[in-house]
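What follows is a set of structures for review.
In the two assemblies presented below, subunit A is common to both, partnered first by subunit B and then by subunit C.
Presenting the complex of A and B:
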């Protein structure tokens, strides 16, 4: 399988009559995007705005972030199984609007949406302060049932990324990243002495605002499954706008999964990267046993010497994470976990909801309850008041002067458990 | 230049130059002098601070007459109004460590005065204070005074000026157990790959999150006759009256609420969930699915349980720290105990 991600570096974004990239400037025809999204009868109104790095702009409540792309060679238009015809992904050439992101907002569906600040203190905590953001505000028709509301905004975001991605169809890439891997027999023959490594990506799969999707299939409904890393990099996995903002894996972060990229970088040098196992995090005990046993079995079946496991969310999925770890370590597979912590405002509480002695190698992506103060914005896209009901906010989070005091819980991507961001925890 | 900050120093009978073990029973006394390590300590402050006096107490007296010792010590400190209280260093001396730790913790907690101590990592006194007090890591015997005092003086100057301390290993104090979020120069996934490579190559690595230790609670005795028992309903499922009158958080709760359900047959129709950690659609349809007041009221009517307690207690479990949970549990438990409740149905999500 060979995937070329042809990165077109975006240096600015403006509205205009065309849909194109010229000299790194992305021009967006607003009407064209709105018209496409209004095709869904469940959408009442679409508003589009721009937020650029360094501007004193706050975006809230953010549901998902998506990277706009267009496939110029090979199969797969949009997100197969979701917004496009079902085809296998992972092969071909993709033009990527590198440095741009579609960011969806709109009325709160659950409480799991978040904030993105483009400047100052807030910008430090979210990776999406560094992207040129095309903010799509989706106002659905009245009376939608919550699950339908969530699906409507989810699909609108993906479609927006698809339409905007078209702007890059004829642009020349600034650099081309090639991801190529043969089948296991070939790779193992090429690298007989390198340790075999798998990546287990856990996906929260627990209902409204808590589901991940693989080729459009709700991860709640699957057994853990093996996927080629190229498929995920090519858009096979999307977010259901799930989990607290700080550690939801947005669609953008699936498209650019840092754990996959960092393992790929070592493939053929220090490791033989075997692939990705997507594992649902279920709510029932029986479900947890089934998926954790099955995940460990897939790893041992594949002959993995080492595994990285990343979590999504916190609380009960901590148990899944540690159950997988325990099974792998007992089978002699060296395991590294990536998680975040709930150690309270003061950082004095125990960090996880579960514990196991086998978890000896853990990367911490930060304390979700770490409190930050975000200075007043010049411009708010969306509604600053939303902070009072979001996970990580509270009544009184928003001050009269417009500043916000909240936990990292409410900041998009702050404690990314796929290790997309730089936060960690130090013992003081 | 501003006035030098005032330090009050605490030592035991030995470092207070009263005597050894045979003098361990002496009552506390205070002198407006620099006794024992206090003199060397003041010199190390290089004029920025001054030791206004030294409290001395026998180790046995402190541990055997804790209340009396504390009364004198706290009164003395209140009267002297120091900017900083320094105890020890106690090295690995157990009884001395207990005194240094307890005094430093109490002074910080009750008087709000910064405190500083010094101990060997295994000193039993460490547990009494380490989460509240900066304790400099010292060698296990008094031979380590030469290295302990300069570190203590350096930290004292920062504490007195309200300056933020750096990391424990940089400053030389024992970690307080505070898990602070900071930025790494490498993203998490890169750190994970490097940690895995280290493991695969049998090289040294260091976990960023040592596994937590869990406490265990013994279950209460069984209820002998349920038909005479009062049972309360408590949930962490975020079920609150419409409008969430007490503004309980949707995640990482900082408070709990209690609501009168004495006249209600069910929660349905007046309650919903504000919990951010699960699909709320079905709980909003029928909140009794999370907190089954309907079933409990039926059981009450049927005489299976004596009485459903008049108040229903609720908070949000998702992302709520164990520290807050302990506080909520103690507060709610005390109320239920005082109200004569015999048992609790505690539901999660």
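Presenting the complex of A and C:
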């Protein structure tokens, strides 16, 4: 498989009559985007706004972030299996509007937070403060069931990214990244002495507002599955998870999965990267045993010497993370875990909801309970209700000058467990 | 019926028959589940949710077994640890009565998904076809 991600660096975004990129400036025809999204009869109204890095703008409550792209060569329009006809992904040439993001907002349920601040303290914690954001507010018709509402918002965001991605069809890339990998036999023949490494990416798969999709298939219903890293980089994995702001993996982060990119960068140098296993995080203990056993089996079947496992969310998935680790280490496979911590305001409490002695190599993506202070914004895109939820969430969270004290768990992507975020780690 | 639901969510109480209703908090639900697990009742669901937001929910519904079996040390450890983590997470959290209904809706939806997953696994009514036969005979 060979995938070319042709990055067109976006330096500004404006509204206009056309849909194009010229000199790094992305022009968006708002009416065209709105018309496309209004084709869905479940959508009552679409509002589109822009948020640029450095502006004193707050976006809340964020549902998903998606990178706008267009495939200029090869199969796969939009998101196959979801917004487009089903075809296998991972091959071809894709023009990427690098530095732009479609950010969807809207209240599906009232308690959602999910803040992106484009400036100041808040901006430090979210990677989406550095992107030029096209914020799409999706207001559905009345009376939709929460499941339908969530699907409406999810699809609208993906379609918006597809329509806006078209703007880059004829633009020249500023750099081209090539991802190419042969089959296992070929790669292992090329690199016989390098350790074989698999990446296990766990996905929250538990129901309303807590789902992930692979080619449109709800991951709740699958056994762990092997996927080529190119497929994920090409848009095969979609977020339907709206409530774990700090550590949900947005669609944008799947498209740019840092763990995959880093493993790819080492492929043929220090490791032989075998591919990605997508593993659902279920709620029942029996389900967890099944997926964890199956994940470990896939890893050993593939002959992995080492496995990197990343989690999504916090709480019951900690058990899956550690059960996978336990099974792999017992099978002699070296295992590294990427997770985040919930260790209290002082960072001193036990970080995970479960534990195992085999977990000896663990990367923390941050403490979700870490407290940050967000200054008042000049402009808020989104919901005042969500702001009041954010402001009232914690003891003494709203101060007289209007600044809000909140835990990192309210900030989008703040403790990304695939490492697509701004925190770094210290080696102990 | 091979499971019971320990819940403090009134809409779950009103929708299911096999409910142990707790007139109390999320933590009270965890404590009741802990007591049951200590007495040998199987823990079917993992005690905590998968997202921080739902850990802040006032409502929680957890599936447990119906019969007492031998004590399961792993499950005891899991529920005890979950209670400690729950306390850490919520110690400074303010309640959100204005969102109680939404939390109840999501808690119930997640419970439904969990029951479905549990029932899928138990496969109470296997098809007579063991797979492929129907399609093959047609072809």
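Criterion: the second predicted complex is superposed on the first by the 397 of 428 C-alpha atoms of A that agree within 3 Å, B and C clash if a C-alpha of one lies under 4 Å from a C-alpha of the other, contacts with A are read in each partner's own complex, and residues count from 1 in each chain.
We adopt the following convention: a residue touches a chain if its C-beta (ideal position, glycine included) is under 8 Å from a C-beta of that chain, and two chains touch if they have at least 3 such contacts.
Just so it is clear, the structure is predicted and the values come from calculations on it, not from any experiment.
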item: Room on subunit A for both subunit B and subunit C (clash or fit); value: clash
item: Subunit B versus subunit C as contact partner of A:392, first or second or both or neither; value: both
item: Which of subunit B and subunit C A:319 touches, first, second, both or neither; value: second
item: Partner chain in contact with A:308 - subunit B first, subunit C second, else both or neither; value: first
item: First, second, both or neither for A:259, with subunit B first and subunit C second; value: first
item: Which superposed partner A:360 touches (first subunit B, second subunit C, both, neither); value: first
item: Comparing the two partners subunit B and subunit C, which touches a greater set of residues in subunit A; value: B
item: Partner chain(s) touched by A:339 [first = subunit B, second = subunit C, both, neither]; value: first
item: Contacts of A:87 with subunit B and subunit C, given as first, second, both or neither; value: neither
item: A:248 touches, of subunit B and subunit C: first, second, both or neither?; value: second
item: Which of subunit B and subunit C A:287 touches, first, second, both or neither; value: second
item: Clash-bearing segment of subunit B, relative to subunit C, as chosen among 37-45, 127-135 or 235-243; value: 235-243
item: Overlap of subunit C and subunit B interfaces on subunit A (superposed complexes); value: 110-112, 146-147, 206-210, 244, 283, 313-315, 342-345, 349-350, 352, 355, 368-369, 389, 392-395, 409
item: Contacting residues of subunit B [partner subunit A, same complex]; value: 131, 167-168, 175-193, 195-197, 199-200, 205, 207-209, 211-214, 247, 249-252, 254, 274, 276-281, 317-324
item: In the complex, subunit A residues that touch subunit C; value: 109-113, 146-147, 204, 206-210, 220, 241, 243-248, 281-288, 290, 313-317, 319, 342-345, 349-350, 352-355, 368-369, 389, 392-395, 397, 409
item: Residue ranges of subunit A touching subunit B (in the complex, touch as defined); value: 110-112, 124, 145-147, 195, 197, 206-210, 244, 258-259, 261-263, 265-266, 270-271, 283, 305-308, 310, 313-315, 334, 336, 338-339, 341-352, 355-357, 359-370, 388-396, 407-409, 415-428
item: Residues of subunit C that touch subunit A when the two form their complex; value: 43-57, 63, 75, 78, 81-82, 84-85, 88-89, 91-94, 96, 98-99, 102-103, 105-106, 109-110, 112-114, 117-118, 121
